[in-house]
Amino acid sequence: MENSRRRFLKNAGFSVLGVGAGSMLIGLSAHTAKAAGPDGGQRPQFSMGDKAMEAERWGMVVDTRKLNDSLCRKMQEACHSIHNVPEPVGESARRDQIIKWIWPTEFKHAFPGQEVEFLAEDVAHRPIVVLCNHCDNPPCVQACPTKATFKRERDGIVMMDFHRCIGCRFCMAACPFGSRSFNFRDPRPDIEDENPDFPTRMRGVVEKCNFCAERLAVGKKPACVEASDGALTFGDLNDPDSDVRKLLAEQYAIRRKPNLGTFPSVFYIV
Amino acid sequence: MLEKALRGSKKYWTWLLALAVLIAIGFFFYLRQLYTGLGITGMSRDVTWGFYIAQFTFLVGVAASAVMLVLPYYLHDYKTFGKITVIGEFLAVSSVLMCMLFIIVDLGQPMRLLNVIFYPTPNSMLFWDMIVLNGYLFLNIVIGWNVLDAERNGVAPEKWIKPLIYISIPWAVSIHTVTAFLYCGLPGRGFWLTAILAPRFLASAFAAGPAFLILLAFIIRKFTSFDAGTKAIQALAKIVTYAVIANLFFFLCEVFVAAYSQIPEHTAHLEYLFFGLHGHGALVPWMWTSIALVVAAIILLVIPQARQNETTLGFACVFVFVGIWIDKGLGMISGGFVPNPLHEITEYVPTVPEILITIGVYAVGFLVLTVLYKVVTGVKEELAG
Amino acid sequence: MNDKNKIIAGLVIFFLAVLFPFWFNLIFGAADASTAPETELTDKAKKAETCIAETEDMRTEHMQILDQWRDTVVRDGQRTYVAEDGKEYEPSLSNTCMDCHSNKEKFCDRCHNYASVDPYCWDCHTYPEETE
Amino acid sequence: MNVAYLYSLIAVVVLGLIAYAGVEAAGLDVFFGVIIPYLALIVFLIGFANKILDWTKSAVPFKIPTTGGQQKSLSWIRQNKFDSPYTTGQVVVRMILEILLFRSLFRNSRVGFGKGQHIAYKWVVWLWLFAILFHYSFFVVVLRHLRFFAEPVPFFVNFLEKIDGMLQILLPNLFLSGVLLLGGALLLLLRRVLLPKMAYISRPADYFPLFLIIGIAVTGLMMRYLDKVDVVRVKELTMGLATLQPGIPEGGISGLFYVHLFFVSILVAYIPFSKLMHMGGVFLSPTRNQANNTRAKRHVNPWNYPVKTHTYEEYEDEFRDKMKEAGLPVEKE
Amino acid sequence: MAETPKPEDLYQNIDHTMPDEAWEEIPPDLSKGKFCYPTKPKNLDYLDMPTPTKEEWSPADEEWPIPDNWQEIIHEGFKDRLEKYRSLKIFMDVCVRCGACADKCHFFIGTGDPKNMPVLRAELLRSVYRNDFTTAGRILKKLSGGRPLTKQVLKEWFSYFYQCTECRRCSLYCPYGIDTAEITMMGRELLSLLGLNINWILEPAANCFRTGNHLGIQPHAFREMIDFFCDDIEEITGVRIEPTFNRKGAEILFITPSGDVFADPGTYTMMGYLLLFEHLGLDYTLSTYASEGGNFGLFTSSEMMKRLNSKMFAEAERLGVKWILGGECGHMWRVIHQYMDTMNGPPNFGETPKSPITGTVFENAASTRMVHITEFTADLLRHNKLKLDPSRNDNKVVTFHDSCNPSRAMGLLDEPRYVLNSVCNNFYDMPENTIREQTFCCGSGSGLNTEEIMELRMLGGLPRANAVKYVHEKFGVNMLSCICAIDRAALPPLMDYWVPGVDVTGVHELVGNALVMDGEIERTMDLRFEPLNEETEEDADE
């Protein structure tokens, strides 16, 4: 009864103003008030959870010396299968519209403009695995008109909000690393084994590597890192004691297109 | 006034019907694109913008060119343009409309379009583009319509129109500038990464737009009793002349920087466009045609006799328009994406559905343009008695 | 008068249109349409007794909750939800909701179809039956 | 200042409060959820049929179309077929243009006194635009509500919902028609209140349906976004009505819903007795639904009766001498 | 005329701000100059209409000479008409007061009187309808907008139904086609039931009933007038014309408004017809019995309209003609086009009209057998059957006033323009939203062409005059042509008042000027005896 009387008063107020036509605004503010203190109990809350791995700026070091074709395939397989990345097969598939989160390429494509003449044969033909650099200064985030792609200030991961992306592909033009892919068609038919724990995307949105944010939240390292047999090292770039920092301190590592000032968070030991 | 668009000759209705058919075809393919995704276009991972965005870029220029009539008329009281200012403004209206449609058909998730407004992002150039395009559309409709209406009724335009007209002048510049900024602020795209892109866009716009206006003036004269007047056409022709020369000059500056510095990131694109790269050269004949057309047009335009002769002027205008359309509507966007930042080459060729959708959008633009011009010429004829 | 028939014909057509619900349901309608379809609860759901909030609230507010979940998870990375009653959940449609309500057809769809609501959740998110 | 709108505003607010209090405080769920809607429908059907038949009973003595364009005369003069129709087919087109596109309203203009004794008539589109927005969105809203009155939901309702909710805004998905309806009604209201001429000619009967419709739209949106109701229970109730097995669903529905339903019922029952009958009347307007061909095809007046005339014989009798004198032929010498 | 203020003052004083009081509260202004004189009892008598009093009375009087049971009479009359006219019932019921009609009325534009908005003019009747005939009105009373029929309401009716010229301009803009002309007609019929009528309508009606024409011209005088025109024609052209009267066996009966026979500048139009028929050698006759095309019955009641109109078919039948040709007149054509065949048809004579000159069959007049003179002439011109010298009209810069009735009750728009463009070299239309179907009334139609309300007429005619002024100033228009006898009577004072320097003419006067007759002398004068050559030379120089 108490409840219904209160609702009556509220709604009566709404109705009076409502037909008087200015009520939506007032209604909205009343609604916010309700959200702040609903009937009984406390307001539901969100938190990080206990198992989550946290860092100030996640980063990765790729030891290219340890890479080979099968290892690259394994890492790609690990990543793509858990993230429901489609693998188009059959004649109708267009290779130039493929979706890639992580993939091997040649040195000259991974580091255009940094090719050295007379490069060691081994280096030139070694598969270099590339993925989103999770730049510290990401041009894709700057370009996005809806904040569908954004940098998580908490841990530096450049994320995609698939729900919000309007598919303008400005980010793809902005990314100097070709790390982003667009769903030119419905991906579902091309996903062999759907992983129910991770959403698929729908046609018309952009996607890319998310540094396995969903795994980090439950205390797991990125899938590619797990599958890399030690070729990939993952950790907090802002923590001097992290594995990545230690590795960087020991080895000379390069980044892709440093001249563009995007400050990638993925480093390569050549 | 819109009543005037509802009364017309058989030719008029046939033309509208033809456009409607094109729109219907385009719409049908757009529905298919909506349903199956942008996979039916020629775009790819590497060339993420294609024909649609290229047409958008080109048409922004056409839209901006209205300022070439508005500015002399309102700022310098250049009376000759008084008769045709509204023609320029309505050309801007239909062009901007097409621009917006091209952006919409290019979106992967058009139903989320309003996210641009719900999550305003001032650091994105696309956000600003949304603002300037909508603003420009509004300005030109309101100004054009009110001024014409006032003229028809023999009264002075509403007082609040005047400030809008002044705002529309820098606004016209802004739409093309912001559009250039879409491209020239992107790291890793050497072809666009040049401060001269916005000026170059404006120069090409002020050439192609007025050239198109001259052609439209000829067409209007042929089908109605409304004549823009030789003086106005010649004044426009001079604008075209200067602008197309400036455009070529800017282009040559680009070529010099690339060729002399020999920085691969800059040369590769020009090389691809004009000579082909690693055996890929789909655009080579087009680009040379463009250069040839522009050069031929300049020759025709700088010779006073040729410019004053309306036949040769007509040809020159067609050359300018087509030449610049190839440059901006084909080369500018593809050229920036090929080769990609990883020095891989994926060529882009529009697919048939993509072209039909494009034609459909153009048909919408021409439909609106025809209807608006029908109103204008109707009013002008009515006033002439 | 010759237009009398026309007018009455028009009136009849109009009334047929107005009374569409009555004859439509009589001819094509499902029996028992005036009682909402029963949603079936899985054993797991029955055992849990309450969802993450009161049933009454869940009926009207579940879409808002899911909307809030997706934003918080994706944008803030906060993947733990403490409900009003203090219990913790993973804010995930696929992993939490569908874990309990693994019978989408008999749970979600029945009401959604009845109320003609076609949410776009399933464009991206999977549900148990589909993957089997 | 004409404050006719106050009566109507107060009336609508009071009606809303009655329904709310009736359900929430007095528990009259059945009354407001079952009896009133059925009553409203019956009143509507009887009243509507009655009005139309009443109109039908009246004769159409003359063919009096208002011609909005060139008549059909000489073969080489272009007839304006749809503003000055000659055949039944052309009349049908004229009526379609009138009813579906509000052709006449589209001509609207506004008079203005310029400087130097110059009167101008400016074409104004606003009334037409608001009216189109309002009527079409209302129509779509009504059709969409069939989802509450049909099970299974017919395909065209689903289709309409898809189109109407095309833009993904808010949750539950916003239907554009609802917003447009509210917007259209508000614009029409503002027009009435703010334009002096409109305010002057407006009566309470003009404001009442507007406020009612605004009330319907606002309560509808509130149920969807603010004080949400359980649509499944709403559908149980409405399906009960539609299948003639009325009942109040278990658990009840909030009073807001009943306010909405009550407003709708009032509106429906109000139609036959008000200017809202224009929805039927527009079909029967003699200046629009007749062909401009009276000289070619005789129209029959059912009550045509003989009248006293001044015959030629009477005329000649009076003036025969003068006529003869003037050399005019006469019948009788 | 003397009392009428100066045009500038009149224009300046137009005020469109709405009064503070509700319109129901404002009594009608029945001071002198604001109303038409009531009819003289003899006219009512002659026409067997109810006569309230044998005395002269004035609407300015507090008490009107109406029967005690006047409310009952009106109520019964109203009820009767609701059954007879679906238009009335629907127009009473469906108005939504959207306001589209408000500023379309020339009387509202000119006077700013809110009750001259068509919506309120109809509301005068509608308020009583609601009160007396609707459920909502009976229950809700004033809230529904109803009000009882009081003497003030009756006076309001008298005032405002004689401030409407039944021009139908509002009806064009109304989304439901509500036609204030219908409302006004009904209002006037109801007033007639009490004998409340105006003299300027009933006198012509009574005349017409008796003599066949409004002006009461008796047969011999009619013939004399025409002979007089023939003398003038001979003087101007050297051609002698001998028209026939009441001749049996003629192919065509020609009927024109009697204004063309008796009042300048209509008489020049009459001369134009005569020249045209002579030029063609047409087998036609004039009638003294059906010597009136116009029909002031239209402004009284449908019964009176029928009574006056019956002469046309009767005379055509008596003379055994094949078809009827009608002259330039506005309301005459409303009656012929929309009422005649229904009221007095089907005709017992003749056949579908066929031009004896071109062989064109006028299918659009198949049943009524009556063709408009501009249809007839346009067809001749199309077939090059006329020898013309349009330069004889070069001293005139012409525009065309579409009369309300041919425009909005007939759709006769292009025919007169085709004729005008053939017979004169300087033709300019007025602004588009003031011509064709959107044309403005002369301000004096439907029987309001009377002197005592001159100021009102000038205000009602303002929109028309203003549009003429526009082309007068822009193109130098000095001649306003029209195809309506009332226009030819009403427009000259209107032009003199608002746009001095513009004359008024009928279309066929210009045809007559341009026609090159067989055996004519060199013309130095137009049909008005005005010299032709003054301005022609200047034009030739340009």
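By written order: A, B, C, D and E. Residues from 1 in each chain.
Going forward, a residue touches a chain if its C-beta (ideal position, glycine included) is under 8 Å from a C-beta of that chain, and two chains touch if they have at least 3 such contacts.
All values reported here derive from a predicted model rather than from experimental measurement.
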| item | value |
| --- | --- |
| Intersection of contact partners for subunit A and subunit D | B, C |
| Top chain pair, ranked by number of contacting C-beta pairs | D-E |
| Most distant chain from subunit E by Cα centroid | A |
| Central chain of the complex, centres being mean CA coordinates | D |
| Centre distance in Å when subunit A and subunit B are each reduced to the mean of their C-alpha atoms | 37 |
| Distance between chain centroids, defined by C-alpha means - subunit A, subunit E (Å) | 81 |
| Where subunit B and subunit C are represented by their mean Cα positions, the distance between them in whole Å | 47 |
| Separation of mean Cα positions, subunit E and subunit C [Å, integer] | 68 |
| Residues of subunit A touching at least two other chains | 202 |
| Residues of subunit C whose C-beta touches two or more other chains | none |
| Multi-chain contact sites of subunit D, meaning residues that touch two or more partners | 55-56, 59-60, 107, 118, 121, 123, 168, 284 |
| In the complex, subunit B residues that touch subunit E | 152-154, 382, 385 |
| Sites on subunit D touched by subunit B in the complex | 106-107, 112, 114-115, 118, 120-123, 125, 166-169 |
| Subunit D-facing residues of subunit B, complex | 1-3, 111-114, 118, 149, 153-156 |
| Complex interface listing, subunit E residues touching subunit D | 8, 11, 14, 16-20, 22-23, 48, 82-90, 93-100, 102-104, 109, 114, 117, 119-120, 123, 134-136, 143-145, 168, 171-179, 182, 209-212, 218-220, 223-224, 245-248, 288-289, 302-303, 306-307, 310-311, 314-315, 318, 336-339, 341-343, 345-346, 360, 362-368, 370, 375, 378-379, 382, 407-415, 418, 431, 433-434, 436-438, 462-463, 466-467, 469-470 |
| Subunit C - residues contacting subunit D, complex | 1, 3-4, 7-8, 10-11, 14-15, 18, 20-22, 24-26, 28-30, 33-36, 56, 59-61, 63-64, 66-67, 111, 113-118, 120 |
